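Got some structures for you, see below.
Here come two complexes built around chain A, the first alongside chain B, the second alongside chain C.
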Partner chain A sequence: MKRDAKDASTVSSRQSPLRALLIALPMMFLTLLMLTAGKRPPDPPHVAALAITFVFFNLFFFLMVRTGKTDRYRAPLFITYAVAFVISFISRIIEIRGSMALTETNILQAQAPFCHIAIPMVLIPAALTKTIIYPGTIIGSFASISSMLILWIGASLSLGRGFCGWACFFGGLEDGFSRILKRPVIKRIGATWTYLPYAVLLLIVLTSAAAFSPTYCEWLCPFKTVTEYVQVTSLKTLIQAIIFLSLFLGLVVVLPILTKRRTQCGLFCPFGAFQSFTNKANVFDIRIDRDKCVKCGRCVRTCPTFSMNDASIAEGVSRITCMKCGKCVDTCPKGAISYHVKGTPHPGRSDRYRLLFLYPAFLFLATMAGGSIRDAILRIIKLVTTGSMV
Partner chain B sequence: MEGFLLGVSNGVICVAYCTPVLVPCLLAGGGGLSRSTAVTLRFLGGRLLGYLLFGVVAWAIGRPLLQAAGYRELITGSVYMVLSVMLVLFGFFNDSHSCSAPAVTSLVLKPLGRIRLSALVPEAAGLATGLNLCPPFLLALAASVEKGSLSSSLFFFLMFFIGTALFFIPAPFLGLLKTVPAFRTVGKLAAGLIGLYYFYSGLIMFVGGIKSV
Partner chain C sequence: MKRLRAMLGYAWAFLAVVIVLATFMGNRYFSHKFVSATKITVSPRVTGGDVAKVSEHGNYKTMIHRPVFDGLIGERSTGFIQIDWEPVDGLPPVLEERVEPGGKREMAFTVRLDTRSGAATAKDHVGSGLPVDQVYKLRTGWAVRVLLQKGKAP
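Let's look at the complex of A and B:
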């Protein structure tokens, strides 16, 4: 009886194996297209990396469709993506520069790779001052500003803040750490702190425009620890390195373990705060059927970004910060929470709404993660066969 | 007229220097248009006081000392550190009581009775950003010391202030955001974070100034 209740959310979305396979077929074709870019792999290691990546993605998509569980199969992919990104990025940076350090020459020559977290810091001052405040190239080079912006616009239109749950190449790190303990050690976090990302966003936008420098990248990015760092040559750069390391250990490792939440995303990330606004323009949202809801509070306790609270349950919709990871949908014992398309009846065909969301979300995940995972596999094969990743 | 034109031509830079402090203060105020106008005016009052103080100093000791290596960093660094403490208290601690850090501030507050330190944030922020020796301000300083008399120097800075103040006219409209209560929380937290940023900037400037003097 208890098991029946636990699986209530799954029953309506569960598909037969044949039907699940048919639904997964277009994704197989699309992922193959994305991963190969229409070219045949040049050698056996490339074939192996491509095959492993292709099977990995499509097996998990099939399971997602077959079982009706979203987060259960999203999380392993997302975590693998983050780890693979770190392996691939660091190896590539060492190949290009010889070390992970970003020197003053690199900055002056605009060779800093651009990542999506810097988007609000670039976009808002650019709209006001017509100046792009970032030491990277607009087009042409590795991780250029325009390519990231185009990906971001596409992801924002189709996923809203779902970008953070399906496409961000850093989120998987804390997602992984947040799943280490079975129960949280720290259970209560003041609601005021959930507004901190907006304050950080305001801070970096204003200070970037005032100082004409990318404040977040210079001072506050926890992920410098696992990507690139400014070469320590002075007291200033030493302080910066200490801040990066402290924020990474605190927000990406320790607090996610202790709280079982994505604390960097939910309590600090300015991009996440900025991306929350795109949820307003996006067609998908997470709705709560108040007739089915028994107010057990499981969704409130498990939401990684503090996007469920008593007020949102009463309103029947998740908060603006929701990244549509599907964790609450999976854990609701009464199946009261579901994906929904704005403007359509609720509760309606939630299984169809979910599939409509899964296609763009998974395709973005595969597009963003495919290259990193394939490259990381190649690097590992290289490490095993030659003793070096680069 | 020269001071006014200099202010108008450099106002955008002044706004860029001031908004990181002013905007969080306005959002944290949580009031409507009238309250935001009052906060902006108090902020501008602080700035005017800072400008006039410099007008006096420029007349009294002249440009050479103020532009000498180290003094600029010492002055700006000290002012930034005082401002940062106020912003952090304002941003991260509850200001509904007389003061959030009575042990630290009682020495300051005793002579002033029960004045809330955090209530003076707009004036202090205006004063600190007014004393900031930013490029347009140094231009104004250089021009004012040529004037010779105290009244001319003060008048020059007054006109410079009026020229730059024109760019602050849109600021009170942030008060229209009062319908969203979350903005107040965000503004307060941002003020605290800006305080930390200014503390670091002030400390580095101060240490650099000591080394140079």
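Let's look at the complex of A and C:
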């Protein structure tokens, strides 16, 4: 164990403090630019929220570069992002609609914020009818459809399924729960289960096209529990609410705790399955140096989305479902796993490849999460000073 | 060839940062461009479709939407028509409106909404009831959806 740890430290891409600072400087500039959008904060609470967010992100980026550990410093940011998102989202929804409940009238008036998970469901009807089967606004409002589609295109081109590990505002909830126990209670999950997200994807794409409504959002989304619950007015809405709550408790809370994996992302999420295909067209991937690999199986046991198995190790590349979180890279005792830029030699300049990936991935995370974290800080300040978050 | 592939790989990797910056900084611009290029709208099954006729009644007005039969490919055999009531000075306790879906007289029916109870009924010219899909209490008014069958007079 001690030898493993020593091996790991010798193979990690540590940088000297000065070099790490120099590498982190452009990120400081970029995050400041993205967090402020070139505008000065209007009052002291906004200045405080901006300062805390800026320091928080850049400290973690510096540590990421300095220590050579990716997931160790990604995870706290990602979890904070998810919690801040829930606080910020619920507060905004209450401000806009007066309640967290999504009523039939809200749906008629297209007042539901659009979410990336709905993207696979809307594409076929959009292509055939030029209409979006989602009760949201096309442009200009909070989480409008066009704005989320542009974010998704940008994320797919720059990160592929890295979106799920660096930008998804729900993933951090499971990530947090999966880190509660030191060891997993459920250790083995049959490989067949990892194909379930593709089945869910196929099911919801077909049923949404047939019913002309986003069936996953209506029946299967676990995250309704922490965003906008459906108002219970009938037996149908009662069943929907029970399904949402059960899926949330099962896939986002209990199973991640017991398995130490992101079970909703790895075993259920149709968007994750859909996003896996964008990995094929993305320049970054995770490679395994078969000469260095001692087949200890740590990467297989720790991968949150079941993206490492014996076949992928033999092939020298993670499975298509990899979300590039870097957990396997951090865990490998021999430094056999590394980030890679397609087209470049492997094994090659793995430090350079890692930094080339970290820049867009971290910037995406900082920009997406920055808004939610700043808003959550402001709302907490408001709660302390006025007794209300909205 | 290997060198060229490596150069392209590095170029794309550098471009990834530019893509992220453009995604966020140009989000508004790209969103508008995307919408104007694709002409995409929210489905009429959600919004109720375009308003085909507006009837002024002094202190309130009625907006009758076009009948919606839109399906994935072509039109469906079943659909609905949405009727909205919007107050100018306030709504009366009972609202009544004669509706001719798509301007077809033979399809005409009368919809009646009691704003105190939120109950709605729809009846054709011989007094037979039509199925009311849903009644919605809007921020400033009411909306009712009446189910229709394509090509069939009520």
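In the analysis below, the second predicted complex is superposed on the first by the 375 of 390 C-alpha atoms of A that agree within 3 Å, B and C clash if a C-alpha of one lies under 4 Å from a C-alpha of the other, contacts with A are read in each partner's own complex, and residues count from 1 in each chain.
Here, contacts are C-beta pairs under 8 Å (C-beta built on N, C-alpha and C of every residue); 3 or more make two chains touch, one makes a residue touch a chain.
Treat the numbers as computed from the prediction; the structure is a model and nothing was measured.
> With both structures superposed, pick whichever of chain B and chain C touches the larger number of chain A residues.
Of the two chains, more chain A residues are contacted by C.
> Just chain B (first), just chain C (second), both, or neither: which does A:210 touch?
Both partners.
> Which partner does A:350 reach: the first (chain B), the second (chain C), both, or neither?
Neither chain B nor chain C is touched by A:350.
> Can A:236 be said to touch chain B (first), chain C (second), both, or neither?
The answer is first: A:236 touches chain B but not chain C.
> Based on the superposed arrangement, let me know which partner A:136 touches: chain B (first), chain C (second), both, or neither?
Only chain C is touched by A:136; chain B is not.
> By the touch definition at the top of the document, which applies to A:307: first (chain B), second (chain C), both, or neither?
After superposing on A, A:307 lies clear of both chain B and chain C.
> Under the stated touch criterion, which partner chain does A:144 make contact with: chain B (first), chain C (second), both, or neither?
In the superposition, A:144 touches chain C alone.
> Which chain A residues contact chain B in one complex and chain C in the other?
Chain A residues touching both partners: 209-210.
> Report the residues of chain C in contact with chain A in the complex, numbered from low to high.
For chain C paired with chain A, touching residues are 2, 5-10, 12-14, 16-17, 19-25, 27-28, 30-32, 34-35, 38-48, 70-73, 134, 136-139, 143.
> Inside the complex, what are the residues of chain A that reach chain B?
Per the stated touch rule, the residues are 192, 195-196, 198-200, 202-203, 206-207, 209-210, 215, 219, 236, 239.
> List the residues on chain B that touch chain A in their complex, please.
So the residues of chain B in touch with chain A come to 16-17, 19-20, 23-24, 27, 182, 185-190, 192-194, 197, 200, 204.
> Which residues of chain A touch chain C in the complex?
Chain A reaches chain C through residues 30, 34, 104-105, 107-110, 124-126, 128-139, 144-147, 149-151, 153-155, 157-159, 209-210, 212-213, 283-284, 341-345, 353, 356-357, 359-360, 363-364, 367.
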